[in-house]
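What follows is a pair of complexes built around chain A, which joins chain B in one and chain C in the other.
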Partner chain A sequence: MTDTATPDFATLSPSRGQKFRQRVLPLIALALILALVPALSPSRTVYSLLNAVGINIVFALSYNMLLGRGGLLSFGHAVYFGLGGYAAMHAMRAIEAGDGLWSGFPVFGLPVVGFAAGALAGAVIGWPSCRRAGTAFAMISLGVAELIAAAGFMFASIFGGEEGVTGDRMNGPELFGLSLGPVSEVYLFIAFWTVVGTAMIFAFTRTPLGKLSEATRDNPERVQFIGFDPVRIRYMVFIAAGAFAGLSGGMAAVNYEIFTPESLSLHPSGFVLLMAYIGGIRYFSGPILGAVVLTVMQSMLSDFTEAWLLYLGVLFIAIIMFAPGGLAGIFHGVAGTVRRDGAGRAARSLGLKAAGVSLLLVGLIVLIEVVIRWSNGYGEVFEPFGLMLETGSVLTWVLVAGPILGGAALVRFVAKTDEGGA
Partner chain B sequence: MNLFTKAALAALVGVAPLSVHAEETLKIAFIDPLSGPFGPSGDAALRHWQYAADEVNKGDGINGQKVEIVAYDNKINPKESLVQLQKALDQGIRYIAQGNGSSVASALIDAIEKHNKRNPGEEVLFLNYAAVDPAFTNERCSFWHFRFDSDADMKMNAVTDWLVGQPDIKKVYIIGQDYSFGKAVAHAATTMIAAKRPDIEIVGNELHPLGKVKDFTPYVQKMISAEADAVITGNWGADMVLLVKAATSSGHKVPYLTYYAGSLGAATIMGEGAVGQVKQISEMNTNLETPDEQDMLIDGFETKNSDISYYYHRIFTAMGMFDAAATAAGSVEPIKVAMALEGMEYDTAYGPVTMRADNHQILQPLYMSTFSADVKRDVEDLGLGWASGDGDRIEADKTSMPTSCEMKRP
Partner chain C sequence: MSTPALEIAGLHKKFGPAHIIRGVDLTIAKGERHAIIGPNGAGKSTLFNLISGYFQPSEGSVTMNGAPISGLPAFEINRRGLSRSFQVSNIFANMTVRENVRCGVLHSMGYGYSFWRNIGNLRSVQEKTAEILEKVELLDKAHVPAALLPYADQRTLEIAVTIAGGADVILLDEPTAGMSHSETDRAVALIRKATEGKTLLIVEHDMGVVFDLADTISVLVYGEIIASGKPEDIRGNPKVREAYLGDEADQQAIGGAA
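What follows is the complex of A and B.
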């Protein structure tokens, strides 16, 4: 806002082309990518992984409506995911039993039930908790999460006790000719609702309420000055976020056909915070990226290393310390550098940076893998690419110290030259 | 959301399909926690399975095929377990082993039942070695599920059978965790005591929050003022060891009848104060009289896995019965193995066991063991271990319970 010569809003507003490129095109691209996946005929593992990713994308986006857009740090978002999921689960059982009106309800539409239940839960729980923002809000959300999670284990008639509530999705009328039996058909269901959820959450950010929620995050007093009540804005955003969390819960109910009380607990609430933060809470695409990366990490990385939780922690710390914009922030930064410096110069500096970070990563991985085997004490040896990296061998420690020192030096060098060049 | 991030997303989504391995070994997927707070207990069970597989492979394997245990980390989360199950299915694995957590077992039973219904010819069999919710062999029973552990009600049946031989115990206090399992244990205890020892007075029946209590002293003080002669608890994990610790530090010297005092790491935390006081109901302890082969098996296991003790005997029973069933069926096709397992009788080092045909629940002798300082074989290098005397054995057929299972066979 330094350029005082800027004439008026009409020239500042984006052109039609820009609007299309920035707002509609990415959603079409998302839908196209999701629609093209079955053409690659993926295995069951990839399908079930993609289903988990889709559920987590909507869940993380709904969480970011609070954290990124509304500035409300919640430690209990899984409550709405879980309550929405349980509602959908009970509806699925009603469809199976053919109870009254439910017998004509398609399983495909169950996320709508989750949506309504999530909104209702948000309306009830949000009423007291949205009176305060900041730390007080975070603490209340933590308390509510503990309360609901404890209740989940105690009230077995609603939550099914430890073994949870199960249902069968292959009942009721079929929509679009999908029986929803095989995982490939469930994928189409998940893809549909992922696109719908993403589009609706994106649309929400464009509404006056969405804009006001960002304004309330930045400066609630000014919002009051222009005649809006921040408490009411927070409350309405909270209801919407709960509703979309419930939607993803409904997707999960159909995908897994089981809901257990730990889906209400602090653990998934913490995981959605990680997804949003690692992806980047300042960008709409951030939680999507975070959901993809963390879901894949959770399910696949544990096949390769038992220290996968440690890598998750390292990633989280690294993001907070060095890339507060998250993964989306890194991509935007790269794109920005390319635009500013031109492809040639950008490639050099980014290439060096990437090489430095990769070197650091190699050293770190060798260190962690060697140490964890040593601490287990079964006498296992870390053997990447046929190398025998024993605790006592010199090669091991060269491979630890060399890349870490080299990588750190390279990253520092790039930072220095960038400063000098700027 | 710009195009660049979209492109990256696309790259990530297009994860290369996982290769399907050629079917050379007979693979059993072990789906249990291998990281996080429950990682150590999952890991201990995994090493029992691997040792049991090694033992079978010393011969000609199962039906001529070598056995391989493939471990999948489910983070003790039911939904994550279903993703790991799909991974196992993609590898062509037809046998699943799991035990930690009835919530996970519930999800797996349900998913496997549906998978088998929707994919005929690709059936999968579930070998449950530790999830003890009675529902799995009653109203939720499944043809594809076999349980090699005695369920919670059978164990309580054994505990109350043991109480019949203890005329000194007149007042019993029941304490448990406030969720479905703790409630089920309390319910079983009150009804069975009322039936078998109507003279026993239940002086307390209490539920405490699951995993939240750090100091059980107030609970123990209530037991002391209620003058309880014995305490019954289904507590596991930290709730179990902290309860015992509070009892020993408050000087509450009465028997604590537990399900899980023998689990990994508990003995170290309970320490010498618990000697003679803490009892557990289980299928064996390592100080029972056994044939030499069993001693050699335990020695071999503890030599190879020096940091843990031989605990899951039922895993060896499961492997042995699987082997026998595959031999009897002449095939490793799950449906044939399942048919052969039904009603199978099998001899273990601790007596004969039977797999019930009507609900797929094993009947095995149970022992009431006492934490003792005078043992041949200790646990966790403490010089302390588990021992039992006369009258501590409950015969297999006496553990049998009526079932509400209506088995649907393919």
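What follows is the complex of A and C.
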């Protein structure tokens, strides 16, 4: 480095190639994967699952605008998802009824309605809630969520009471020749908006406001002394996050053709927190990963075991305690180890670690499955691979204690040798 | 005489029964390098917080370039051209050095809370950021996350963020605290360079730094300014020697301040 005398600002910025690889390529890859899915002619079930995944990707990303990028812990993000969804639902009914201008509005564009409604809800609710960050913000979000959810059951003319509001998506003008009748066409609609939502939320992180949001997360005090009002930054980010949650709500309205007050409640608000956190809030890709994994878990695992919520809880706690970077953090960590130690050494250490974690998991699964059957009291027996694991049998408890102890020992051993080697 | 850069009149600050600032009057001319010294707990940092709008005064006023600024929110005061650093490093820890400075630059380049521009395409912002990084010699660490910087570099970044917005009144709160001798020398040279032609108000415990940088010194003791004047006068002032400087001043006088 001899030419440091004349620093060129361009050398500080990533090169064109780097920009393309880091920012544009992943999005193109996402769009390509989503576009290629129909070529595999998946079943209706797979399509439905993929649609749910797409909705949750945008929802989780919008949540992470608050939690990961803004440092704002919200317990009521489903409010904006739900209000956006309801607005889209009512617009869908207006299209069906052919009311005035609505008769010319394509159902394909309903997420835009959800976006606007989410932004509006964010602008109204954010005004009092964004004055404070931290605990006060979290508590207010919780209160607002309860309030809106309760209102949802009370104002039946807007929220449809317990049955909710239903609509029919096959009305109004068709866009791109999609009638949106069959689930495969709805898939294209969801895929389109998933890519648009992801691209827009990513673009948001690159704007001055997006950077200031990160600065406010790190140090709201200092933000004041570089000439910005942290309250206003939080407020604007809050509106944007509400808008994208509303967008995903609009996607859900078209996909399910029904919205119930349930969708505004604490339950989906908690689920979006889990998706973002388990995926990894420090990485842009984290909430995407989290949305994929948790949506798939929700729909597949619940077929295999009634204790699936327990597994979700265990996963959440394990991530918080051992991998605060989430699934995305684990991937980055693995990639970093491979780069640093070379594939050979990394494979050994990572392989042992994976083996240890798998052993732990085996023990845990046996424990949970045996216990849940015992607690149900129907005398059912957990029978994996033809083994009869009764509550009283020694084999059961060997299969619980053995893998757990062995796995824990292995994980500890790997951690120790890694430290020693470093 | 032109309008002073800062004019503080009858300033009081009470926290409940605690009366921390007890009537401070201070006038700082444009381009002056003014140091505030005083024992621990004298209220130096509180005074900084009052001037920069972090606290609101209980009584009295602060005027910058002829316009009253007391009562304004801190970000508003900053926009009018007053910038401050902090005693403990107060940076954006999870962002890189470059991103830190870039955030500091944004407002002065006319980019407010915009969400329709890509920050990477703002040429003026990139150039200004590079210029500041070069000035403080952090260019080679531009992509290091701020939290991973060595302590002295974090202090430097603190100053870089402070000057990034191009403010013409700079308040530095103990910029060399916790630094080694060589680091302090570097920091002083940096402060001199970075605040060239600007008004500087500095709180500092290191007398070497104070006598090296300042052309006027004020001594704050128990919330009151007991003396204000040229470094030589302060060094010779018996009240100051009694209240604060003690033997240190003698050593400085003998050693001949740098």
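Observations on the model:
FYI, the second predicted complex is superposed on the first by the 410 of 422 C-alpha atoms of A that agree within 3 Å, B and C clash if a C-alpha of one lies under 4 Å from a C-alpha of the other, contacts with A are read in each partner's own complex, and residues count from 1 in each chain.
The rule is short, and it goes like this: contacts are C-beta pairs under 8 Å (C-beta built on N, C-alpha and C of every residue); 3 or more make two chains touch, one makes a residue touch a chain.
No experiment lies behind these values; they were computed from the predicted model shown.
Considered on the superposed chain A, chain B and chain C are sterically compatible, since they fit side by side. Once the two complexes are laid over each other on the shared chain, residue contacts for A:Thr166 go to chain B alone; chain C is not touched. Between chain B and chain C, the partner in contact with more residues of chain A is B. Within the superposed three-chain model, A:Phe316 lies out of touch with both chain B and chain C [touch as defined at top].
Of the two partner chains placed around the shared chain by superposition, chain B is the only one that A:Thr260 touches, whereas chain C remains out of contact. Looking at the shared chain after the overlay, A:Arg217 reaches chain C, while chain B stays out of its contact range. Within the superposed three-chain model, A:Asp229 lies in touch with chain C and out of touch with chain B [touch as defined at top]. Legend: residue contacts after superposition of the two complexes on their common chain; A:Thr207 is shown touching chain C, with no touch to chain B. Across the superposed structures, the minimum distance from chain B to chain C, using CA atoms, reads 17 Å. Residue overlap on chain A between its contacts with chain B in one complex and with chain C in the other: absent. Listing the residues of chain B that touch chain A in their complex gives 1-6, 8-10, 12-15, 17-18, 20, 34-36, 39, 72-73, 75, 77-80, 82-84, 86-87, 89-90, 101-103, 105-107, 110-111, 114, 118, 133, 135, 140, 178-181, 183, 209-210, 307.
Taken in their complex, chain C has these residues touching chain A: 52-54, 73-75, 78-79, 83-84, 86, 90-95, 98-100, 102-104, 106-108, 111-120, 122-123, 126-127, 129-131, 133-134, 139-140, 142, 161-162, 164-165.
Interface residues of chain A, counted against chain C in their complex, comprise 1, 4, 7-10, 12-13, 19, 203-204, 206-212, 214-215, 217-219, 221-229, 232-233, 236, 240. Contact residues of chain A toward chain B in the complex are 21-22, 25-27, 29-30, 33, 37, 40-50, 52-53, 150, 153-154, 156, 161-164, 166, 168, 170, 181-183, 202, 252, 256-258, 260-263, 267, 283-285, 288-289, 292-293, 296, 298-299, 302-303, 306-309, 328, 331-332, 334-335, 377.
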